[in-house]
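I've put the structures underneath this note.
In the two complexes that follow, chain A is the common piece, with chain B as its partner first and chain C second.
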Partner chain A sequence: MLTSRLNRLSPYMFMAPAAVIMAIALIYPLGYMIWGSFRDWDPSQTIGEAEFVGLKNYITLWGDPNFHESLGVTLRFAFICVIVEMIIGVGLALLLDRDIRGMSLLRTMFILPMMIAPVVVGLMWRYMYHPTVGTFNRTLEWLGLPDVDWLGQHALMSVIIADIWQWTPFIFILSLAALQSLPRSALEAARIDGATAWQQILYIKLPLMMPVLIVTALLRLIDAFKVLEVILVLTEGGPGLSTEILALRISRTATEFRELGVAAAMSNYLLILLMLLTVAMIGFTKWQEARAAKLRMANEEDS
Partner chain B sequence: MPQIRLERMVKRYGAVEVLHGIDLEMQDNEFTVLVGPSGCGKSTTLRMIAGLEDVSSGEIYVDGKPVKHLEPKDRDLAMVFQDYALYPHMNVAQNISFALRLQKRPKSEIDAKVRDVAGMVGLTDFLGRKPGALSGGQRQRVAMARALAKDSGIFLFDEPLSNLDAKLRGQMRAELALMSQRVEKNMIYVTHDQIEAMTLADRIVVMHGGYIQQQGTPEELFKRPVNKFVAGFLGMPPMNFLDGRIEDKGGALFVTGDGFSLRLSPEKAAIARMAQNPDVILGIRPSDLSYAPEAAPETALTLKVMVSEYIGAQSVLMCQCGGQSVTVEMNSETPMALGETLQFEANAARIHLFDKTSEQAI
Partner chain C sequence: MSAPTQKNSPAFFAVIVLLVIMSVGPVILMFVNSFKLDVDIISGTSGLIFMPTIQNYETALCDVLWYEPEPLDFCALKFGGAFKNSLIIALISTALTLVIGSMAAYALVRFRFMGRDTVSATTLMVRMVPPAVLLVPVFGLWNNEFCLDRDGLIGGAIRDMFGGRGDVCLAGTHTGIIVIYVAMNLPFVIWILQSFIVQVPRSLEEAARVDGAGPFQVFFKVVLPLIKPGLAAAAIFTFRIAWNEYLLASALSDRNTKTVPILIVNNMSEFNVEWGVIMATGMLLAIPPIIFTLFASRQIITGMTAGAVKG
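Our next item is the complex of A and B:
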């Protein structure tokens, strides 16, 4: 009697440590944040002492032009990065999906940027972007071209370039894997049917890679909304608010402006945005599974 | 329809040569079957004709024009693949019309063509389906229809039936035979299945080890194989081979081996006399042995029946002749007990002799 009960409990016992850690590290802070977002909360107070203000923080943010600016920067940053990364990553994969001597070395080199810690990436690019001693401007000078004020006038473009450099490899390796798992014979059939290399890409390869590409793009988008370190090191959000993405603004609101409640509300806005993306991603995979199941059903009815 | 000629065609992968100078000519409107065990080079030959593999040396001529350097799309051919190779994201109609749409043919013409070939292979009701929602046989039909729609002169098949179950394979084989009579094309068909080769081919090309062993009509190859490999490869159950020696007994020639001594017919004897090596392999098909208790000993084999495989009207007997095994195909009605030793008469006209060392027919 007792042993059978213990047996039934054993899965839960094994899961318990993970559940406890989840509760402490994720659910407790999340609850704390939601709770805090309804209060006018200064870091010197405990949460109990803070005054309850209802939805005031959310409403303030809704009308705050700086928050709008920051949200706009975040959206611009995320979408431009992901679109450019997708184009370059998929393009590279299409180019490098062949047997050339030294290709494995080349592929390894391509994915190196992804392995470097973000802070190091930030520092590296900050040196390269330096107005006088940076690699870029010295190269431009050597070529006899005018200097570019990378982190000043073109700050957003500069951080976007750094992000593209770091994350294109991610899309590259996933696209390459997708490409290499395509049915070889379908591509051969397309060659016999008269498709040129370009038509093969357009009509066969890209449509067949699409499910992987959509999930990859959504994953990257979710990631791009949360980026912090590289921009923090490169520009600290400046000049002005030109590169102040949401993650950075949240951290500054909490530490510099000492408005924990507002920072928490802002985090929740970001969370809602990310949740929408995640739901879209899960919805897409569910839809695909459902379609596959429907196809199987139709198949079985026939046979 | 174009005539295809392969001239000293060689395929090398690095240092390994897998095809050793293939010479082959395929006539107008001919159904040629390349057949052989896996790794014999038959698929490579087909893929080289298609342009999917490079030719290491030699040349391919279509209607007298060299085509080795041409892309597959410029060779006027259509191909059916073993795994169908359908485009999974397109429906049946789009699959069939892909080549025509690339050629930018007018829409009305494409629609008419799709309806036409879909009707031919019985797919009219499935034009809107994606390949994932079709059964194996239907997918194979789509592949066939797609190749037909292209209107090219050369039709290549790479083991098109091997992914189907036995019943469907038989049905599709019959449909293919019917189709090959209706459409006038030069067809080249690769298979490892000798039954497909025998039933479909105008001409069979037997390949082994990167060489062509023999080519000819199915009947020629079945009746007059040039070597032991071809003899053993065609025919089911396969031909029996027994080690023996040619001996002269009072003017008549005999093949004598462990547990048997058969007298050769005068025609066979005349040929056998010219053989330099008296050591031979006797070849006899299971269907050329018949149960004959009263036959003269010099025309028959004495066999011990070990196993009987009942397959309906016919039974296949696994027997022992001395230390060698022999299979016999016979009517199931004949009463037979396992372990018995019985006499089977060999059809003297259908005995094959092969040189023991070169394995060439004598």
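Our next item is the complex of A and C:
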């Protein structure tokens, strides 16, 4: 009798610690933030003392050109990064999908950039971009070319390059895994039919990899909206607002301008954006699974 | 690949060498520079001919060295303390996340219970919440709400022991940072471990249950040992995030609980950057992840593909 009751309770006992921690430190803060975003909230006040202002924070932001600029920078940063990383990463996976001795060593070296702290990545690139002592300008000088003002005029591009350096390997590894799990029979058949290497890639490999590639791109896109430390160390959002992504603007609004309500409203805008992306990703995988199941059914009926 | 391209041409190897240089080069550059004096870095006539010195590391670690470094008259960088904070926070939060997360993942995979779908959907959704979004609420809550009254029993006892004024709050303590890291990493760990637990054969668990093991015994003695690869992958990813995180730690920590990333960023934003010392601190921060990468790259890749492809 006691054991059966214990068994019925056991899922809750397994779930309880995680549920409690997530409720206290994720769900409750998110609700608190939504609550706070309707208030004129100063860091010295508790939320109860702050004045309720309705949608004012949201409306202010909606008309704020700086916020627009920041949103534009965020979107440009995220999309350019993901597109370039996808092209390079998938290209490299297609190129390196063969038996190479020492492939595992190669992969180890490729994942190194991802594992290092973003703060350190920013640090390394800040040194390399440095106008006088930096590696890039030294090399340019040595080649007799004019200096480039990396973190000044071309700040956004430089930041994007650093992100591409850090995250292309992620896409490379995932697409390589996808490539190596493709059905060998399809490739074999194509080869026997005399398809060239390009035709194999275009008509067989890429279409078959597509589901994994789309999920990878969406995951990477969601992550690209979280990037903060690299940019903070490289440019601190400058010059002007040229690299001030939303995450950075939130933290500045909260700590420098001391307007927690506005920062909370901005966080909510970012959250809604990411929510849409996540829903798109979940919806896509669900659709993919349903389609695969339907195909399998059709196949079984045929045979 | 098709037959004609199978033989690897020199051009192909050139591409590979270039790729390796590109991905490892910056790290090696930092490593080399961390052993140079600032004079050498700035004059920089050539990259490789210089007198290696450990002076930068001495400056960085001056508060934990057992001897007095020569040229240093004042120990400004308290790097050793920050390193200790980082270690405490990263290790404890990783251990907690793994235990709590694997239990939750087990419940989600093996049991049907009320609210299961809600929990699983919530886990999936909160996975995408960026640290920047948590900054405002966590700052407010940890400073104002999650506090013990200083006149209360426990709060009073803590105040008597450690001194200070005002209420006892989560902000500024190791616990405060650990709690938010555990919460932040849980969704990901639960997600990744689910795909490993599914693969554990049910018959093993049932056999153990027939032998009279309770649900917790089954979990800790049968299931956990079988998903060690998954645990290793999850541990590395959790540790990496907790070790590298800057934003939330900077909002929550006080003078005594600063972690290494905060120290680096603070020194970076000062006007006159001492490149050698900064590179040395960066190197020290990068060493644990580099070690993981070298020794556990297989687990990292497994974890990455399990976490994403199942997406």
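Quick note on the criterion: the second predicted complex is superposed on the first by the 289 of 303 C-alpha atoms of A that agree within 3 Å, B and C clash if a C-alpha of one lies under 4 Å from a C-alpha of the other, contacts with A are read in each partner's own complex, and residues count from 1 in each chain.
Here is the rule we go by: a contact is a pair of C-beta atoms (placed from the backbone, for glycine too) under 8 Å apart; a residue touches a chain by one contact, two chains touch by 3 or more.
What you see is a predicted model, and the numbers here were worked out from it, not measured in a lab.
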item: Chain C versus chain B on the shared chain A, clash or fit after superposition; value: fit
item: First (chain B), second (chain C), both or neither touched by A:219; value: second
item: Partner chain(s) touched by A:67 [first = chain B, second = chain C, both, neither]; value: neither
item: Touched partner set for A:204, first chain B, second chain C, both or neither; value: first
item: Chain B versus chain C as contact partner of A:295, first or second or both or neither; value: first
item: Partner chain in contact with A:191 - chain B first, chain C second, else both or neither; value: both
item: Partner chain(s) touched by A:24 [first = chain B, second = chain C, both, neither]; value: second
item: Partner chain in contact with A:167 - chain B first, chain C second, else both or neither; value: neither
item: Chain B versus chain C as contact partner of A:177, first or second or both or neither; value: second
item: Between chain B and chain C, more extensive residue contact with chain A; value: C
item: First, second, both or neither for A:150, with chain B first and chain C second; value: neither
item: Overlay on shared chain A, then closest C-alpha pair between chain B and chain C (Å); value: 7
item: Touching both chain B and chain C, residues of chain A; value: 191, 195-196
item: Residue numbers on chain A that touch chain B, as the complex places them; value: 183, 185-186, 188-196, 199, 203-204, 207-208, 210, 292, 295-296, 298-299, 302-303
item: Partner chain A, residues of chain C touching it in the complex; value: 1-6, 8, 12, 15-16, 19-20, 22-24, 26-27, 29-30, 33, 41-42, 44, 99-101, 103-104, 106-108, 110-113, 116, 119, 122-141, 144-145, 179-180, 182-184, 186-187, 190, 214-216, 219, 240, 243-244, 246-247, 251, 261, 264-265, 268-269, 275, 278-279, 282, 285-286, 289-290, 292-294, 297-298, 300-301, 304-305, 308-309, 311
item: Chain A to chain C touching residues, read off their complex; value: 3, 6-7, 10-15, 17-19, 21-22, 24-30, 32-33, 36, 41, 43, 46-47, 92, 95-98, 100, 104, 106-113, 115-120, 122-128, 133, 135, 138, 165, 169-170, 173-174, 177-178, 191, 195-197, 200, 212, 215-216, 218-219, 222, 225-226, 228-229, 232-233, 236, 246-248, 250-251, 254-255, 260, 263-264, 267, 270-271, 274-275, 277-278, 281-282, 285
item: Touching residues on chain B, where the partner in the complex is chain A; value: 50-52, 71-73, 77-79, 81-89, 98-99, 102-103, 129-130, 132-135, 138, 146, 150
